[in-house]
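Two complexes follow with chain A in common, the first pairing it with chain B and the second with chain C.
Our next item is the complex of A and B:
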């Protein structure tokens, strides 16, 4: 399984990538939409884990653009939304199974990754 | 007058909600980073328990990263507290240069999300005015929101404070696309009652790409 992590918080994605590598999951990370779109030109990813709120375009719009480049790519979204109402609204937009609230539990993230690939 | 207060109060509440939501997002990001660093400490510990070599340097580095995020959260919460207390008094004496620096920090995340750099320009120090801090922040936000859309290809908005004969002025500069984004009325219906409350005035110079917010020395409340 090869993963692309996208969040403008470098410290978050770089650390998460290192932790995933300890669990034998190959993860690359970028901190901008532009870099994410460039990355998929040369690499093939099974799943992109995207922050919903990234600078310039939303994570959901980035997902659409990545999907155009690689129709087989699957997505999981991370959000900093803090309230239950925010969570319900966000998960309704992208699908509750693929939506995680920060701070993310890594074991839950891996579980979602497996599920998204099965689906 | 009642209708004006309804508009001001309603806009003020919307503004308060918008800022609170943005601050909570920022804090969530800090917590997410601390969470990952904490997880990494746990991972290294489990590996060391299984016989992997223990590297104190890695733990020191992680402790430094956590300390950095704690300082970041402290700054965010300090700004949040200042913002929350900005509504306490109807009018207060403030140093406009310092206040503009605070506003810039408060609105930084919105600028990042729009891909805009906020650039403080040299401002006059000891620029004391008496105003309503909360509604001035709200009015600065209205001007800044428009300014960020008007920033043009350089994606930079300059911010400055200067003295005038009757008080002080905040300048939003570098707005190369001001002509393009000014399609509706500005200041419009939501800004006008706030301008009246603050006895302020907005001047727009399309040609030089600047919005000027003129403020009196004392709003006299």
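Our next item is the complex of A and C:
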């Protein structure tokens, strides 16, 4: 499986990508929406793991645009904030499979990814 | 429903009754100040409502009653005077007619018979006989010549030849043509009167016919009169001597006990007060052509008796009306002001509730903001530490130093702990504004205890939670339930001293309800406070910063989720709050979330 990680915290996404690679999961990471949209032009990803709060446009909006480019793409959202009603409504619209509250346990993340792909 | 286990003694009931008579707002002191303060002076509001309404209702009523009283009294009095006056006039007519009739009879006799015939004994006998038969009451009959000598006489005395020339009555009859005497005691001591008529011929010769009548017929007329009000009718002469017997003012030929009324050409009625303060209505009439005054005397008190009865009825009716009006106004004013007072209390409570929920919402927002801010760096620490661990685990370059792995594990477990705290904070904030959702009772209780377990640890409070497995998930407002438990457990903590025991149990009541009981072994609540603890602003901790709103808000929250709350307590033994919750909360239209 191929994963795209999007979060404005480079420290977070880069480390997470590296850790996933230890577990034999191929993960690319970007820190902005523009880069994410560029990335999907050239690569095919099974799952996008998106931070809800990305500068300029929200994770939800990014999810929507990514889905336009690749309707088969699945989404897992990460958030530091759990009380966001708009987020829940929006993520349902995009078809988010899961949303996880930071800090995320990597084993849990992998488990969810596997579940998404099994469906 | 508030179940209260409390023993009210007799004294308690007394205060209860007094308390229920005195409206709640009576002793209320508004805590706010400033220009609006007067608006919330309920006692003043009550007084204003009461006195204004009383004034508006009673002033016209009493005025009308008084006016009506006066008018009716005047009408009755004038009616009495009028009736007396009518009686006097009618009686006077009868008497005048009676006198005129007898005078005319004598006139007829002198006109129809010559002096010669009248001086004939047999003729005169025949005439008196006829008069007795037609009119009655004629005692004797005499014929007197111009010199005053009685020339013929038929009667019980031997008065033939008697010289009347010097007597006053003879002079009067000669001068005026007619004479009617006062009443006097005549034959056999029966009252009599004399009527004399003069007949003058064209040649200047005249003679006088003189008749004596007993006054029995006269008296009969009075005794047949029906006079209301212990009334009396009689005749006096100008000297005030009674000419006919009276019932109350003396017998015939006695002096009248009343003053002689002043002469008047017509019937007059006046009111007179006797020496013993008895009010009399006196009607009188000078009977023309006679020396008589007709008098009708009535006792005013007697005549007014029906009016006095009516008056008592009117006054009684007025008094009862006033009492009823006062009672209605009293209860109406009390009821209305009480409603205003209760509405005001609700307003204050709502205000405080809004304040409270605003405060809670701010705390929630602050907590979630903090949690969010912490979560991001925490996530980085998590990933970095995770990477270190991964490197130690997956890369052969890094020797598997168990000490390093231990250190990284400890970093990771601390991050996890921080994460749990921030998640709980976030969860708390989230439930502040979410309405119905599926939730587990034990989860909520553990969540709440999560905030308090440190305190419990410091104070050595033993907390035991026993939630049986058969408790199903609740469809309810998680945030509200969380606040309910937080408030109740906080209260229990406050009531207990260090080393106390807190027991939380739950059980399924029936297919629709579960109940949870929170029991502490703290100081307990005295009986007299027990029934008031759910009232807003009732607090025993005001000096320690309590608002007196905690339990009233809890009560409101329990009602919001469709449950009930009850309390049992024993001083120095502990308190136990039981809340009963529906498995499925009904969403109320427009309910606060």
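By definition in this document, the second predicted complex is superposed on the first by the 103 of 119 C-alpha atoms of A that agree within 3 Å, B and C clash if a C-alpha of one lies under 4 Å from a C-alpha of the other, contacts with A are read in each partner's own complex, and residues count from 1 in each chain.
Just so we're on the same page, a residue touches a chain if its C-beta (ideal position, glycine included) is under 8 Å from a C-beta of that chain, and two chains touch if they have at least 3 such contacts.
Only a predicted model underlies this, so the values are computations on that prediction, with no experimental measurement involved.
Chemist: Based on the shared chain A superposition, would you classify chain B and chain C as clashing or fitting together?
Modeler: clash
Chemist: I'd like to know which partner A:55 touches here: chain B for first, chain C for second, both or neither.
Modeler: first
Chemist: Of the partners chain B and chain C, which touch A:71 in the superposed model: first, second, both, neither?
Modeler: A:71 contacts neither chain B nor chain C.
Chemist: Output check: A:106 vs chain B and chain C. Expected answer is one of first, second, both, neither. What do you get?
Modeler: both
Chemist: Per the contact definition in the header, classify A:19: touching chain B only (first), chain C only (second), both, or neither.
Modeler: In the superposition, A:19 touches chain B and chain C alike.
Chemist: I need the one stretch of chain C that runs into chain B once the two models are overlaid. Options are 62-70, 170-178, 386-394 or 512-520.
Modeler: Once both complexes are placed on chain A, chain C clashes with chain B in 386-394.
Chemist: Go through chain A and flag every residue that touches chain B in one model and chain C in the other.
Modeler: After superposing on chain A, chain A residues 9, 11-12, 15-16, 18-19, 22, 78, 80-82, 102-104, 106 contact both chain B and chain C.
Chemist: What residues on chain B touch chain A, complex-wise?
Modeler: For this pair, the touching residues of chain B are 24-26, 28-29, 31-37, 39-40, 43, 47, 65, 69, 112-115.
Chemist: Help me check something: in the complex, which residues belonging to chain A touch chain B?
Modeler: Of all residues in chain A, those touching chain B are 8-9, 11-12, 15-16, 18-19, 22, 53, 55-56, 78, 80-82, 102-104, 106.
Chemist: Under the touch definition given earlier, write down the residues of chain C that touch chain A in their complex.
Modeler: Per the touch definition, chain C meets chain A at residues 364, 368, 371-373, 375-376, 378-384, 386-387, 390, 393-394, 415-416, 418-419, 423, 426-427, 429-430, 432-433.
Chemist: Once bound in the complex, which stretches of chain A touch chain C?
Modeler: Residues of chain A touching chain C: 9, 11-12, 15-16, 18-19, 22, 78, 80-83, 85, 101-106.
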